[in-house]
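In the two complexes below, subunit A is the common chain; its partner is subunit B in one and subunit C in the other.
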Partner chain A sequence: MAETTTKDSSQAVQPQVEMVRIKINGMEVEVPKTQPDPITGKPVPTTMIQACAMHGVDVPHYCYHPKLPVAGNCRMCLVEFGMPAVDRNRQPVLNDDGSPKINKMPRPAIACATAIAPNMEIYADSDGSKEMRKAVLEFLLINHPLDCPICDQAGECKLQEYSYEYGQAESRFVEAKVHKPKQVDLGPRIMLDDERCILCSRCIRFTRDIAGDDALGFFNRGSYNTLGAYPGKSFDNNYTLNTVDICPVGALTSKDFRFRMRAWFLKETDSVCNSCGTGCNTIVSSREEVIYRQEPRENDAVNSSWMCDHGRLNYKWQASDTRLDAVSARRGDVREVIDWPRVVDELSGKLQSFAPGEVAFIASGQMTTEEIFLFRRLAEKFGGLRESFPNVGEGDHLLVSADKDPNTNGLFITGFTPAGEQGRNFQSIQDGIRNGSIKALFVIREDLIARGMDAGLLEDLQLLVVSDIHRTPTTDAAHYILPGCAHFEKRGTFINVKGRLQKFMKAVEGPGASRPEWEFLHELVHQTTGQNGFSTIEGLFNQMAGEIPALAGVTWASIGDTGRSVELPGA
Partner chain B sequence: MIVERKELSFLEKTYLPGIAQGIKITARHFFDTVSGRKKVTMQYPEEKWTVPEGYRGAPYLVKDQEGRTKCVSCQLCEFICPPKAIKITPPGPEVRDELGGVEKGPEDFEINMLRCIFCGLCQEVCPEEAIFLMKDYSLTGQSREEMIYHKDKLLELGGVHNDTIMKWKKKDEEARQQASFH
Partner chain C sequence: MTGKIFNYEDKRREGNHRMAQMEDQQDFVVPSGLESEIDELITHYPEKRSASLMVLHALQEKFGYLSKQAIEWTAAKLDLEPVNIFELVTFYPMFRNYKVGTTVIRVCRTLSCALGGSHKLHGHLCSKLGLDPGEKGPQNTPDGKFTIEFAECLAACGTPPVMMCNDDFYDNVSNQEADKIIGKYRK
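Here is the complex of A and B:
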């Protein structure tokens, strides 16, 4: 679940607001009087649940979500509270010691929709509050099918967690449960189980207010109240899978992840989506070197708690059959598998045999910033033309960026390609090969034939080195194939379209002999230039930050889990 | 605790009565066995002992009396298994009809009998009463692969477990009675 407290985020963006003194569980605290509304951003009164979250007190809830409008329908967050007493003239009543007298309110209130008031006391952990949670849970479980053994949510289900914490083991309900439709095909990526639904309406609010596609609603009444898509509307926008994340129970499940692995086996790795320039923060879940799912990770500076369906499901290429898993050299028509030390030796010897300017370098916005930095060093040593290509597609109103590469700004910030000059040298490189002034080409993560280069032109080269992760027509033509790693298989940084520098961690091992590009680039730079570098990603990043003005003062450690913004060249 | 050490008498200090007593017991067993009055060995494997109730032998999967594989692939046994002997392949997202009203069943279920320590935690944790420790204690095979029992073999060895609850069938019937809603 991508849900956490709003503590850091909301306080960070808040301008100076009036503070209110209240008591939570007997602890005297100060909280801001207003908070920005999750949808409009306008200041609205702080609620009890927000005040509790700010001070680390967890009030159980189902329908409340910090990023969605308040609905107040699940009643799980009912708490007892007290207010300062007033006399008939609306004057505060004081205790003998001069402090305001607090009267416990005769009725509880829902913490998600009740604004705080000065001197209010919230009894979130009182016996009464716990008793109410138990009663609400009993009602929620009346018609719940309890099919946890076959439910994908088991292990990360709020109904399970709160039942364990506050519920009762025995059911007093002896009548037959109401049966609702199961295995409902709600949309191309979503499977709905109406029996499990607790009608919190989080998914409805998300699709209506965040995704802007009012497709879901409740039908029928009473016990037969059921979630569904409006007739004639299909639930197929690009953000549907976020409803699976925010569903507190197992009602909405992802068809992609359904019945593939149990949640408790999954290892979670902090990563960044590489499907477009937005760079949504993600959690990659894997088990035994197999990636099972990708989920958004909260980062208010980039993607809030959401990510698009396209990006989320765009991970299967990592395990595809076309992955390159062997280092190979082509001698004439024979392809020979060799090992890394030998390929680095051979390559550095061959590269040095060319005159300055005879080698051209082609990089990609899929490479990490550190790799581009090392690649630029190599290119500078041999003084050749440098090129990278723009990858433009369609963007949308919420998260999807028109730039389809995750690290275009990494190319600009390291100076590999100056901003706005992508694709300009391609013609000169092709002309250079034709007239013989360019004799060698070093390509990383780019298929030149798909970019329109004539396959015969590649044959004219004396040396074609290609590093990629998938087999392409260009790798087939290469003299040396260097199998690289997907971003799931290495550490590094991307700089998104807005200049957010973000790091990602390694989730799984790369196939066969594949190796992170920065490792062999580091060795090549070392062998050809004699410069010493770092053989750890931390050292390499810190060295790079020391040489690039825009990254001055940034260290690998100071990037943090949610990244930091850097000055973009020409911005 | 301090134990008072008893003062030994002169005779006891010579150890002779103790030795004599020991020889007496040994001699009795010797003559009992030689004369055939008492048998202490069993002609295994022709002759086998009666395995007691509650014995923890090899774990096998069971079907219910209607022939449905009871396992729903919840993978709790895989999680609890201390020597990691169990590996379940979940069925994946395709909707299947052959599972008798239950949405989920194992694609494959492997128990590595070389790893299994017959602890019984899988049986204890199973929410579906689908796996039981049976009375088999002597498992043999020609190779390591042969000792990894797959779903079909486990089901065959496990046989039928008489289910008195029939949870999923009951649910299905209940739902059918409310069919007007569907």
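Here is the complex of A and C:
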């Protein structure tokens, strides 16, 4: 679930606001008088539910979402509360000991839309508050199909969780339920089960206020009230799948994930999306080395609680059948499968047989910062030309960056390619191969033929080493193929377009003999330079941080789950 | 647990609830007089969106119901998405998204009228007009002259049963009285 309490540093930079003393469940606490509005960012009065969340008291809710405007329609967050008593002259009434007298209010209030006031007392866990939750749940379940056994949300459903906590085991409803349509094709990626919908309107507010596509609405009235898109119109913007995340029940389902796996079987791994330079934080859910879904992970410094549909569904290449899964060497026209120790030995020897400058190195913004760092070491050892290519596409108003590589800044910050100089050496490298001054090429995650290099030119090389994760025309031409790992299959860091250094964890194993690039690069650097390196990602990162001024003082551990900002070269 | 589950298998996909539907009105054209009236109406409100209900009322008065074209025209007029207007049209019972006859008969079925014979009156009117008395939803006569439907309280609970024909109000409606009223509107 995307909804967690904010723990990011962006909260710390807010200007000082007045604090208000209130009591929550009898506990005296101080809370800020205002909070930034989720949409406009302007200060608005702190609500009861926010005050409770700040002090670890969970008030059950459905329609409230910290990142959306308040609707106040589900009534689940009703709480009893007390206010300081005033006399007929509006003067505070005091107890004998001088403290303000608190009167319990005769009616409850919805915690999501009621502002706090000095000396207010919130009785979030009182018997009365619990009784109200039970009653609201009973109403919500009247027309609910209770089809949990076939529902994708089961296991991560707020309706299930609160029913277990506050609901009753048996329904008193003996009348016929309203049966709404169960398969509404809302758009290319979303299937709606209207029966399960509890009409919280989170999806409507998300798509209207965050995505800027006012596509959803409630039709009809009363028990027939139904969520839908305008007839004939498709719910199709690049952020639709976020509505599936924020749907507290199983009404909005992802066509990609629907009926594929039960939520409780999934292993969740913190990751970072590699589809563009934004680097949205994600949770990758996998089971037995198969990835089933990718969801956004909250990080207010990067992606809030959202991510684009394209990035979210862009994980299938990890398991595609064009993946390289064997190390191989081409001897003449025969391709021989060999093992890693042998390839590292052979390569170290061959690379060292060239004169300085005869080997050129081509990296990619898809590599991790650590890999680029090691690759630069290798390139420095052989004094060759270095190159990487810009990967520019279209950006949008919300999260999608025009830079389609997740780690362009990693290339810049490690100095592999100076900022702004991507693509400048490609011509010189091609000329060098033509005139014989460049005899070998080491390429990682780049298809040179797709970049416009003549395939015949690659034939002229004495040594072409290509590491990639998919088979490409360039890998086909290579003398050595080193199968690398997708970012889902290793650990490492990316630095996003805004200079956010973020780490990602390993979710699944790579296929066959594939191996994280930093591992074999580490061995190659060791064998060719004699330098000792670190054989763990933590050690490698810390070593790199010690050598790169922009990363001074940063350690693998101090990156944290949500990353940290680093100074960009030339920024 | 003795919940009645009727036609569950058949209704599985469609559901037993009323689908929000729209009528197609190919010849929908707003006369220029009405359009300038609506433009003037919009100026009464601080925001264009606030005029939604009044614009819909004006269109329904002219066309008898609100078609797909009317909904989209209104949305464009008020710089809204059609879904915003469709929500209103399906929410309020006073708006109709289905075609109606020249005369719309609305029979009150709220408590005192229900006790005072509104269902008998509805049944009588239906059989008189050749319609199905068992049908609770709106029904049109094939000649397009009449539409009959139930309504909630028409605010004359002392003199049931009560009905309205378009904007005209009738209370204490006996069957004979009902025949006369129909005759008057049939013309």
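The rule is short, and it goes like this: the second predicted complex is superposed on the first by the 562 of 571 C-alpha atoms of A that agree within 3 Å, B and C clash if a C-alpha of one lies under 4 Å from a C-alpha of the other, contacts with A are read in each partner's own complex, and residues count from 1 in each chain.
Here is the rule we go by: a contact is a pair of C-beta atoms (placed from the backbone, for glycine too) under 8 Å apart; a residue touches a chain by one contact, two chains touch by 3 or more.
Source: prediction; values computed, not measured.
Participant: Applying the touch criterion given at the start, work out whether A:182 contacts subunit B, subunit C, both or neither, answering first, second, both or neither.
Facilitator: both
Participant: So, does A:130 touch the first partner subunit B, the second partner subunit C, both, or neither?
Facilitator: neither
Participant: Tell me which partner A:526 touches in the superposition: subunit B (first), subunit C (second), both or neither.
Facilitator: The answer is neither, since A:526 touches no partner chain.
Participant: Examine A:224 and indicate which partner it touches, taking first as subunit B and second as subunit C; both and neither are also allowed.
Facilitator: both
Participant: Of the two partner chains, subunit B (first) and subunit C (second), which one does A:23 touch, if any: first, second, both, or neither?
Facilitator: A:23: touches no partner chain.
Participant: In the superposed arrangement, which partner chain does A:145 touch: subunit B (first), subunit C (second), both, or neither?
Facilitator: First partner only.
Participant: According to the stated criteria, A:216 is in contact with first (subunit B), second (subunit C), both, or neither; which is it?
Facilitator: The answer is second: A:216 touches subunit C but not subunit B.
Participant: Which residues form the common part of the subunit A surface touched by subunit B and by subunit C?
Facilitator: 176-183, 224
Participant: State the interface residues of subunit A toward subunit C in the complex, per the touch definition above.
Facilitator: Listed in rising order, the residues of subunit A that touch subunit C are 170-171, 173-183, 194-195, 214-221, 223-224, 226, 228-231, 233.
Participant: Could you please specify the touching residues of subunit C with respect to subunit A in the complex?
Facilitator: The touching residues are 1-6, 8, 11-22, 68, 80-84, 86-87, 90-93.
Participant: Which residues of subunit A touch subunit B once you look at their complex with the stated criterion?
Facilitator: 145, 148-150, 154, 176-183, 191, 224, 255-262, 264-265
Participant: Okay, in this complex, where on subunit B does subunit A touch?
Facilitator: Per the stated touch rule, the residues are 72-76, 78-79, 90-93, 95, 102-104, 127-128, 171, 174-175, 177-178, 181-182.
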